[in-house]
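Can you read through this structure? Questions will come right after.
Chain naming follows the written order as A, B, C and D, and within any one chain the residues start at number 1.
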Amino acid sequence: MDKKTDVSILTWILVAFCIVNIFFLVTGKLGFDAKGLGIITAVALTLAMYSFLYKDNPVFKIAENLFVGVAMGYWIIITWFNILKPDVYEQLIVPFFKDTGNAPQYIVIIPTILGIFMLLRFSDKLSWLSRWSFAFVVGLGAGITIPNFIHAFILKQLTFDSLIAGSLPDSINNFLILLGVVSVLIYFFFSLEHKGVIGGVSRIGVWFLMIAFGASFGFTVMARMSLLIGRIQFLIRDWLGIIQ
Amino acid sequence: MYKIFLTFILSIFLLPYSSTFAVEVDMLIPPSDFQAFDTPNDNGKSVSLRWPSSLSESTEAEYVVYASLRKNGPFTTEVLRINSKTMYEEGSDSNFHYMEIKPGKFFKKESDNTDGKPSYFFKLVMMANPENVAVENIASVTPKGNWFNWKKLNNFIILIAFSALVLWFIEHAKKNPNLYLRKISGLDAIDDALGRATEMGKPVLYVHGLNGMGSISTIAAVNILGRIAIRVAEYDTTLKVSNIDPIVLSVSQEVVKESYLEAGRPDAYVEDNVFMAASEQFPYVAAVSGIMIREKTAANFFMGYFYAESLILAETGAATGAIQIAATDSYTQLPFFITTCDYTLIGEELYAASAYLSREPLLLGSLRAQDIAKGIIITALVLGAALATVGIGFISFLFKAG
Amino acid sequence: MERLLRVDRRILFAFVAAAVTIPLLIKFDLPVIATKEVKGIYNKIESLPEGSHVLIAFDYDPASKEELQPMAIALLHHCFKNNIKVIGMTLNPGGTGLADSAITEVGNEYGRKYKEDYVFLGYKTGVELVMINMGENIYSAFPKDFKGNATTDMPALKDVQSLQDFDFVVDLASGSSIEAWIAFGKEKYNFDLGAGCTAVIGPDMYPFLQSKQIEGLMSGLKGAAEYETLIERKSSAVAGMSPQSVVHVLVVLFVIFGNFLYFMTGRKK
Amino acid sequence: MNFFKRTIPLIIAFIMGIMMAFQYYVPHEASQSLLKVVTRWGITIAGFAVFIGAYSLFHLHWNKIKRKVPGWGYSNFVFFGAGITVIFGLYNGGEFFLHDKQEGTMFDWMYFNVQVPAGATMFSILAFFMASAAYRTFRARTSEATILLVAAVIVMLGRVPVGALIWEFLPPIADWIMSVPNMAAKRGILIGVSIGAIATSLRIIFGIERAYLGGGD
């Protein structure tokens, strides 16, 4: 019975969707061109995604898989036009065949080879070569991370504000900030048992964490609602044309 | 250094000339000295200019610096023009002006032709209007690159000290795997949840996060899975493990199998219970939610790194009435676990729990070194604030970011 | 009461849909007051003289479009209106199309010329590596722009050698790129940085605001709405604030009502 | 062979790590040139990573189709979407891929009318689940959760225009929560996480942490 209702709901929605779009196309509200058909495609995908709210269903799965494929295709093509073409092809290969006024940049061979090695990860015999590339990139990343993090996230984040500031509220805030940072750090301190003073301070740390998580919670609700508002705006403005 | 000295000597010689300008009251008095020197701790591209404040500084008067590659000029290239009441040297109480400039920018072509490092000559002029001009003497400098940035000394010391701590404690933990770690209270909650699932005779569901084996969260999650699997085998309950990553799947199968072996129940291990639920985020949610609803799991564990799906998973689990325990270091998702789960391991507690259970020297030693670093920071913060309150800035000087 | 707790999800979904759609249809204006975090960015751009260079990093993809695209457009309007040269780039492959369309559309609206008044450099991968490379030399990181033009000698980039030469850099982020811009960009090469981000990561940015590692912060659609108010060009973000208000009230009521039922039914587990 | 498979990668990581960490403290021009070259290489290498992502995705879905696992039919759409996008991208509006990227091609159409709407809608689904969870599961079951929910309610109301209409002090209280307790806790977390990241980097440089090399010998 369940399946039957589902199929009939789907059919009715499809029929309604077609009627609305045919009406828009006939009345000229949406042009029979790339733009008009684009909007119809976009609306169809948007609604297909929302069908997940009813339940997980084939329409949603098709839309999602299609999206995953298109996103991957886009990534590949963008990488070609933005990275591989200007940085490898045009610097290393083109100068061999065409006089561009620049000599081939032989130095580009090194990262290109390392890049190709990386792809050998999927080969059974040569996958060890990919480790050289990963070692290069990961080692490089680790090396630059350490001093820059010490500078930006530790030294710059340590503030030693006087607890007696210009005004009473400022003084209280300075004290609360100090207490918050210290107590949260103590909460994430694992070498001592949380008893006595340490236990008390770590308890305060939990409260600070909970307030911070509450703030994140509120902001996340805000974020998701904003996304929904944007999509509804798209549907009733760009498609239905009810609002301007 | 000798060049600064030379300019200084030169300036003394020129002092009488400058003072002649100061005869009339509305005339500008140029600064009594003008130094140009190589900026310390730099790549050799910039030079520093420094001069004492003039008595006749006002918002109308400007300082202008001209530069040349030759000692005798012509000084036509303007490299700096500032209001005379600005750019005071930090901490000089407005008694000195100080700034760094990059002369290479102004002499791009010329400096390319010179071999080696060019010397630059600067002329400082103070002017209020085109008629009212006071000239200070000429200073010269050859910029050069430096091999150590002394402003970053504290950063460097931290790097060396922390490296030593990490390496030493990992070695130490190898010899002494019983390094003390405080008890993670969430681990008791795990045992309680397993006990309840056994009483109810319902399966236990273990949900992996979305990240692959490369992520620390997943490694930690697998360590905890091993321990849960042993208990489950002892209690003779069913354990289901859902995966999204094929590599995590095979590692999990291995771990669960070993745990059953260790508990002496290899026969109870069913490979299909550690399964691939889906390969994309939302289908994963749908598949795992489906299992929770159909099988009425008694206990759900969410361990690893989660993204937006956390909310739907935890909500479905809460609605079916399961005991839920989460452990994640994805801070943006923690609020939802805290409000929907019975117990949540927050951030680094996940790593600590995994170190506590696995007693792996690598994890234990590193955790201890991190604790010591935190201890130093806590002490510095408390001491620094206390000293700052009584007006001593010693700690903030030590931790100044250069 | 039990039954009230077990209400079908889809009824709640319908409430949400109504709370968002109805306020959009019946328009009512709520005052949007700019916070000091958003003003930080606005004032910085306002203080720049004509012809200054602003780098905007569009580090987001379609998943965050509804929050960050209005922000990007408001920011671009402000820059182009003040005759500031805009240099766009992205570290997210999915963001290239969105960034390109935003920058071109707003640029055209003000009659600005590509290559002379603005340029879109395109996408590079490697996050911190790109930042450091740009910090050393921007032409090394981006020898070509998105359309394939050589960047050296491009009028829009005149006097710009590296990150240090930008008068202001704004990162619009849906991931952790702001932290990277702070650690490997701003702190290493000393320039002024502003940040716009999805509301999800907004609260995590406050330590950087307090330590003055970022000049200002716009978070989420609300941040975009505040910016639209500041530049006096109200658009979709401001229009979104009335449904946003209504739906927040709805969620708060849900939380209160749900907890009320929970405690009334004796917190049984 | 073990030397090439295990030792050399560890040596590369060690040398790169140490060199780049020390580079930070050397302002000399030579050190800057090194940084420039190495990061430039890094960008190019990272560019190839797209193929790793593509391989993993296609491999996964190909296996699903080959083994006919339940729902394998949907996997065809991954290939369909990716195939069509790549073909349009390479066709490049008739200019083909060796020329500069053209504007307004079918490739761009696919992006703006498939990827953008589907991607933008994906996470907005959560708006609905958020509300239903608010009703059904966000419970003040412990004192911690109570603090969390109270802070969340204040921030949620204080951060939207309607907050000031409900109670004029809501926005300033929300701002205070954001910039004092929230800031302090987030700073504590940030410092802790950064220390962790530095420790992980050190373990990678010294060859203690080898997970990135993958399994095997």
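Keep this in mind: contacts are C-beta pairs under 8 Å (C-beta built on N, C-alpha and C of every residue); 3 or more make two chains touch, one makes a residue touch a chain.
Nothing here was measured: the structure is a model prediction, and the numbers come from that model.
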Discussion item. For subunit C and subunit D, which third chains touch each of them?
Written reply: A, B
Item to complete: Write down the chain pair with more C-beta contact pairs when A-D is set against B-C.
Response: A-D
Discussion item. Suppose chain centres are the mean of their C-alpha atoms. Which chain sits farthest from subunit C?
Written reply: B
Worksheet entry | Inter-centroid spacing, subunit D versus subunit A (mean Cα positions, whole Å) | 5
Discussion item. What's the distance between the Cα centroids of subunit B and subunit C, rounded to whole Å?
Written reply: 22
Worksheet item: Cα centroid separation between subunit B and subunit D, in whole Å?
Response: 17
Practice prompt. Could you tell me the distance, in whole angstrom, between the mean C-alpha positions of subunit A and subunit B?
Written response: 21
Discussion item. Touching at least two other chains at once: which residues of subunit B meet that condition?
Written reply: 152, 155-156, 159, 282-283, 331-332, 335-336, 338-339, 347-348, 374, 377, 401
Response to the item:
Where subunit C touches two or more other chains simultaneously, the residues are 13, 16-17, 20, 64-66, 93-94, 97, 124-125, 129, 132, 146, 148, 187, 200, 203-204, 207, 210, 222, 244, 247-248, 251
Fill in: Multi-partner residues of subunit D (at least 2 other chains)
21, 24-25, 32, 39-40, 42-43, 46-47, 49-50, 71, 100-101, 111-112, 115-120, 122-128, 130, 132, 134, 136-139, 141, 144-145, 148-149, 152-153, 156, 159-160, 178, 182-183, 186-187, 189-192, 195, 198, 200, 202, 212
Practice prompt. Write out the stretch or stretches of subunit C touching subunit A in their complex.
Written response: 10, 13, 16-17, 20-21, 24-25, 27, 64-67, 70, 93-94, 96-97, 122-125, 128-129, 132, 143-144, 146, 148, 179, 182-184, 186-188, 198-200, 202-204, 207, 210-211, 213, 219-222, 236, 239-240, 243-244, 247-248, 251
Worksheet item: Hey, which residues of subunit B end up touching subunit C in the complex?
Response: 321, 331-332, 401
Fill in: In the complex, subunit A residues that touch subunit D
34, 38-39, 41-43, 45-46, 48-50, 52-53, 58, 61-77, 79-81, 83-85, 87-89, 107-108, 110-112, 114-116, 118-119, 121-122, 127-128, 130-150, 153-154, 157, 173, 176-185, 187-188, 205-222, 224-225, 227-228, 230-231, 234
Worksheet item: Tell me, which parts of subunit D touch subunit B in their complex?
Response: 21, 24-32, 60-61, 64, 71, 122-123, 125-126, 129-130, 132-133, 136-139, 141, 144-145, 148-149, 152, 189, 191-193, 195-196, 198-200, 202-203, 206, 208-209, 211-212
Discussion item. Show me the residue ranges of subunit D that touch subunit A in the complex, using the header's touch definition.
Written reply: 4-6, 8-10, 12-21, 23-25, 37-55, 57, 59, 71, 74-86, 89-90, 97-98, 100-101, 107, 109-128, 130, 134, 144-145, 147-156, 159-160, 177-178, 180-192, 194-195, 197-198, 200-202, 204-205, 212-214, 216
